[in-house]
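Here the structure comes first, spelled out in structure tokens, and everything after it is commentary.
Each chain carries a letter (A, B and C) given by its place in the written order, and its residues are counted from 1.
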């Protein structure tokens, strides 16, 4: 039994090695210890989804994970989507379709959409709703988000096709 | 010199508009999408401590003992405050109605579950919460009063004993000859309604970082304030400070919808900062705190309505009796939600006489706060139910009934009995478009078929006026003072022709920075990229209120265009001097200052600015060399209310018609919305994407209000819906994908003819959904008069109608 | 909403886990996916002295088929169950039940064992386990033992797990031939805990007679409720509206004191249990060729 625990974790490709209290949640670790404040806290009980990040490629509520559980894992947050400042195709799609208003829930949505499109590059409305049913937005009413996801899927497919063409 | 703000986009000095009226991408978005935008919890200050608040577990009790000594010993704890400190260093919070406020930490009594009783500042939030558990408080329980009807009666426990009553206000307003209208009516319809507590719930809770200056006793507070100046004045009052000693720095925040709250938490964090010798203290409200005791609860209402109608379907009078349960005090300003209905009391109808029997009551629930729509959503729900009841009673189709009662388009500006004036509208056109969009006749045919199969399919047709651009006089009847809500902007051109704009409010989500940028870019015919918008703190910003009451789009348009006009005037004078002619001979068009009648004799705006700032030798003496101006806009013609509470208050009246098709599962009471069509008219749409976003977002909130959201207290005053497992926000699967169309009737009174639209569809959606639900239940002869229409409530009604033990 | 302090360990072996549980004499909690436990910690409703994390113990996840049963490791995520072709083919009821649980983000980390050990009265998995005659492998200081699902769920949030035991595997029989299934649920929103749900199995022979029935409801009592009288009534009968209605009436009799909360009254839950019984049995019958 230990008072603090060691967490070795890769976040957005950068390796960190920190000592943390076991009770520190992953979201607080990311925000306070690593100064990655793009992931937001909305409810601290796993319902709103604002804190959603990718852990080993899969979405997770970072308010429902302890930092120590991420030891050895690869974490991706919204900051990893546009490392040089150039917007990721999913971010571009949200911009183009006005898929955000206050923006507080947006990083969580973006990470959920990353996972969705990775598994399913051309999702239907129902498939989008199934994946995003656990992400709450109070501002948009979701219609523009739905459009943004379709646009993101199209953007990504176009980018893939362009790369294929270039290679051919 | 008087500045004329253009009332029409054609009056802008640029012939080919590139941005205004288009769905341009938002300037706010790159920062938000990348997580770089700084919300309050993303900010740290040197030496900062973290606040946790100890809250009463009991709804009504005397505090008979408080021992913080063990908590003080916990390593990491720096300061603790209790009611003693609040009494010593602060005053009771400003409240509406006046006099119904208490200290941020009570010394003697707690009045609702979740009321703060002590607070700790420590080196981390976790340690501060650990410390709370070491504070020992002795409570002597008192009987709570949870029902406003009981609270109004003799012998009820008193929430604020010093007031001698639980009735915060009771008044009867009569506008026009209501008694005569009811006496001579062919039909009178009456019904009671219950609207349960619900509220804002932005995804970001409130947060602040407060710093007390021990040397000059000034306060600096950073936070997610909806209205920075309003917060500043409130803190000055709480601490007895001169208003210039309070500086609020507003951060972008994650929504507000009127219900961000945070007044108490801010005052508590200021007390802690003072106790901690001036160290910054951060308080981030957690979600349970928000739900139980934050700015999250609104509209806890008992309604009785009566409507007088003629046989031909004309409604002649409306009576509304409202008992509004505002909770334990008035610090949340929830009372203004009981006043705002006056701005559109009789809806979009020609109802000529009305009465408002209003009682505001205190109980041992959390103090009520405003929420988007500010009171009309429940009022409109009740009114639209009455319209349907009357339509049914007279055998007239719901849509036709509204058509007959709509204010005709040639009657605007139209003054309603409660005193407000609607600026413009074409309600018939909106209805026609909505019915066409919905293919109303086909829907009724489909409904007939479904009814033959015993299915509960309902169609709701509802209409509401959505008031915009609030003024303080709208809330005068509950004691709010003042007229005029100034909103200022400073527009400044630099030596290279780039433009910066300074305002007093921070981002909240409605895209106002984009709007400002569009306007100024098109005014000066520059690119949007040539412009930046910055929020200043309350000590340096122009007068402002910020977003609220669907005013900011219109108000900030007025402010920036006014400032642009002043700059244009200055630049005309400079150009005239440089061209050696009179200023009247200079006109400004498409970004250039031109000598009239002399093609080729022109100077681009950037060059004029550069000359003003960099070549002063060329300027004649006495001329103002700054290409910068500030303009403060407020709605004209606002006056104090008369003795019946009447005045022109909200400047604009947007209007909508919603048509909803839904089905109730007979066996489970679950509702499925199958089609949602709406047409609205909010005047000139300066950014259609923003308007659409506000509409879609407010529809979602309206659906949540009608079907899902409810705060439930038990008889001991415990809140049973204290997490998001039980307070249900609509998700992507709960919100219909709306089909929309628009009518544009510009306002004659506003900058560019735009009307306020930020609160939008929440005025209409709950009414439309409940109309559809009651239409679905009509064959059973029962009515759903309580909101939200939860599955168990609908099932009980269906059971009662079927009047048999549960058949299997 | 920050958790209270606790100690933490992530041992490598099951023996160490058991030993740590013994050391803490009931004051330690197992951490699996954390989707149920961590909200309680954040709200300070749970205050364990220590958390024992199972994530590093080898061999606790995975799904395989063995002698007509699916052996599912306790640390298998719900996502893995949802995605498993083996489960979709061999035990489609379990697959379907999994899709009702919360949302993908929760299923990514929530585990099968965690759900079973949590024993929430409104959860899908415990009722599914009872309906499928699943067995649970428990490991403690005295070795391993197997407990039938029906005996595993004792009352609200309480199982047969001894304070020093760990749930390691769930054994689920594959769906027998000629067996139809259904899972029904009424929840306020998609993904919410059920107000009431039901899990139904019907074995129907070639003469269209019911040879086997399982009717298990969740959300109507402290544990999954199996309605044996209703099941009995169906045996030997041909599927049809009338017999399903009769079965639903028996379910009503079997319900003792349903929960009542802000979402659903006791009376409404009873009613839903009957409605879902009719719907579920009809759907299950429809699934048998």
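Before moving on, here are some points about what is shown:
Throughout what follows, contacts are C-beta pairs under 8 Å (C-beta built on N, C-alpha and C of every residue); 3 or more make two chains touch, one makes a residue touch a chain.
For clarity, every value in this text was computed on a predicted model and none was experimentally measured.
Contacts between chains leave no pair untouched here, as each chain touches all the others. Just to note, of A-B and B-C, the chains joined by more C-beta pairs in contact are A-B.
Mean C-alpha position of chain A lies 30 Å from that of chain C. Centre-to-centre, using mean CA coordinates, chain A is 30 Å away from chain B. Centre-to-centre spacing of chain B and chain C amounts to 44 Å, using the average Cα coordinate of each chain.
Residue numbers of chain B whose C-beta contacts span two or more other chains: 126, 286-287, 723, 725, 731, 733. Shown for chain C are the residues that touch two or more other chains, namely 1-5, 43, 190-191. Chain A has residues 21, 23, 44-45, 133-135 in contact with two or more other chains. Residues 21, 23-24, 31, 36-45, 47-48, 50, 77-79, 81-82, 85, 87, 91, 94-96, 98, 100-107, 110, 128-129, 132-146 of chain A are the ones that touch chain B when the two sit in their complex. Across the complex, chain A is touched by residues 23, 25-26, 28-39, 41-42, 126, 201-205, 252-255, 257, 284, 286-287, 507-511, 689-690, 692-693, 695-701, 723-725, 729, 731-733, 735, 737-738 of chain B. Those residues of chain C lying in contact with chain B across their complex are 1-5, 43-44, 186, 188-193, 195, 245-246, 248-249, 252, 261-265, 268, 270-272, 274-275, 278. For chain B in complex with chain C, the residues that touch the partner chain are 124-126, 129-130, 133, 286-288, 667-670, 708, 710, 712, 720-721, 723, 725-726, 728, 730-731, 733-734, 790-792, 795-796, 799, 806, 808.
Residues of chain C touching chain A in their complex: 1-10, 20, 31, 34-35, 38-39, 41-43, 50-51, 53, 55, 79, 102-106, 108-109, 190-191.
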